[in-house]
Amino acid sequence: MTRSTQVLTAEAALKAIAVAQEKATEIGVPMTICIVDVGAITKAQLRMDGASLSSVDVAINKAYTSVAVGSPTSGLFDFIKSDAPLLAGLPSQPRMAIFGGGLPIQIGGELVGAIGVSGGHYSQDEVVAQAAVDALGS
Amino acid sequence: MTRSTQVLTAEAALKAIAVAQEKATEIGVPMTICIVDVGAITKAQLRMDGASLSSVDVAINKAYTSVAVGSPTSGLFDFIKSDAPLLAGLPSQPRMAIFGGGLPIQIGGELVGAIGVSGGHYSQDEVVAQAAVDALGS
Amino acid sequence: MTRSTQVLTAEAALKAIAVAQEKATEIGVPMTICIVDVGAITKAQLRMDGASLSSVDVAINKAYTSVAVGSPTSGLFDFIKSDAPLLAGLPSQPRMAIFGGGLPIQIGGELVGAIGVSGGHYSQDEVVAQAAVDALGS
Amino acid sequence: MTRSTQVLTAEAALKAIAVAQEKATEIGVPMTICIVDVGAITKAQLRMDGASLSSVDVAINKAYTSVAVGSPTSGLFDFIKSDAPLLAGLPSQPRMAIFGGGLPIQIGGELVGAIGVSGGHYSQDEVVAQAAVDALGS
């Protein structure tokens, strides 16, 4: 009646936050970092000093989007740009963020959550998110 | 003072779910299937194992949209694409999904509900929804 | 970085729905039955023919509450009735249902989801929920 | 045209989280801890392993309430219990939590944010919140 799965620990979430914070500091852009579980429930979150107000909501939305579709948010626009109905309809779905900075977190090939980063250009946000994901292994 | 109408039964809704589930399994993509009545109230719903988190909300929205406008969600984009106000305004209406996967359920020419399917590409979602509608007859 | 856990299958959720439906039929009261996972995301849901409109939202809220606090909703009032701040504050928390009909689903001592049932008196709802939980084993 | 004020740093928020986490571990109850600034914007948040789903929303609401009214949430019920309009109306205000576990964070007599803790009985939640506030000094 059940199947086995993996759940992200608080320790892993805090490690991801710390690594992301370090990378954002290195880049010189304050960011908000949000880690969610497979149900898109926030596991850990940090708004760095000076991170924009919008970064808080956007980081959460990127994390939601990434775990909700199971892929990086950076690939979403390429996926929908030649598909008129999706291009018109997807971006306005609630909580949907279709630019980089959200990455799924997979352990052993299994989706266990996602990270959303916001505060810089989305390409910077994704570099920070990637650093955190890399630090968690796979 | 009243007129007779038809109402979808739980038996029919569960049959639609079962047929949709079978078709999705055949296609090899786990999906969420939602059946609603004419008031867009959920009659039956199933999230298959492995269906994405986004599929839950999107399936509900497709079912809502389809019964709300009385037509397949796959036709909506063609309907609005040359109408600037609709193209700009409709996609962001709450609960509105303008890509395939939502189909009205009609019995004897009468609208009795809708099915919303999400999890694959919307063309796959619509194949699954169509299989369920076909199984209900008309 | 992760810990192992169990996830409720669609098969189990549909079985719980079927058993609950049978029990509600036996009692003679149409009900809505909702099964959620540990993130309170709907796994399966059924509104029986004739089940009240309120039963839909209330069943969902009972399932949410039961998985959110990890205990039967029927015990909540006893828990808060002698605690004035909780008695005044808990019932109005969003999605919170503090009367019977919501039960956690535990497999091997682990919380994997919950069932919410509504449509009859809450004592009837709980009998139906219990039948479904019993059928899933533990 | 301006006045100087104090703003909680990310370093302080993470320290508060760490102290709260340690205290909750000592008590043996997994909790969610949320730190907000004066605008009730989340500065840092952690859901410990095993913390209930309800703890996430409730911790946020306690932090909101505490910074919104500028006082501990544990004192709110005593304040409203003999005031019929407040007793009837305040608990159901959105995001309002009227039981212990939310504490304002004041530095130099100035309100700079709040902490919300949830997961145990509210008396346990408040002990954990107090430990974090104490660690920040004043």
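When the chains are written out, they are named A, B, C and D in that same order, and each has its own residue count from 1.
The rule is short, and it goes like this: a contact is a pair of C-beta atoms (placed from the backbone, for glycine too) under 8 Å apart; a residue touches a chain by one contact, two chains touch by 3 or more.
Remember, it's a predicted structure, so these values are computed and weren't measured experimentally.
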Exercise. Going by the average position of its CA atoms, which chain sits the greatest distance from subunit B?
Worked result: D
Exercise. For B-C, which listed pair, A-C, A-D or C-D, repeats its interface with over half of the contact pairs the same?
Worked result: A-D
Problem set entry | Centroid spacing, where centroids are CA-atom means, of subunit B and subunit D in whole angstrom | 43
For this session: Would you mind pulling out the distance in Å between where the CA atoms of subunit A average out and where those of subunit D do?
Result: 26
Seminar exercise, completed: subunit A to subunit B, mean C-alpha position gap in Å, rounds to 29
For this session: Send over the residues of subunit A in touch with two or more other chains.
Result: 3, 7, 9, 38-41
Exercise. In graph terms, nodes being chains and edges touches, is this line, ring, star, complete or other?
Worked result: other
Exercise. Which residues of subunit B touch subunit A in the complex?
Worked result: 49, 52-54, 57-58, 61, 74, 76-77, 80-81, 87, 91-92, 94, 96-100, 122
Exercise. Which residues, counting only subunit A, touch subunit C once they are in their complex?
Worked result: 1-9, 11-12, 15, 37-41, 107, 112, 136-137
Seminar exercise, completed: Given the complex, residues on subunit D that touch subunit A span 7, 9-10, 13-14, 21, 41-49, 53, 56
Problem set entry | Interface residues, subunit C side, partner subunit D - complex | 3, 38-40, 65, 67-70, 84-86, 88-90, 92-94
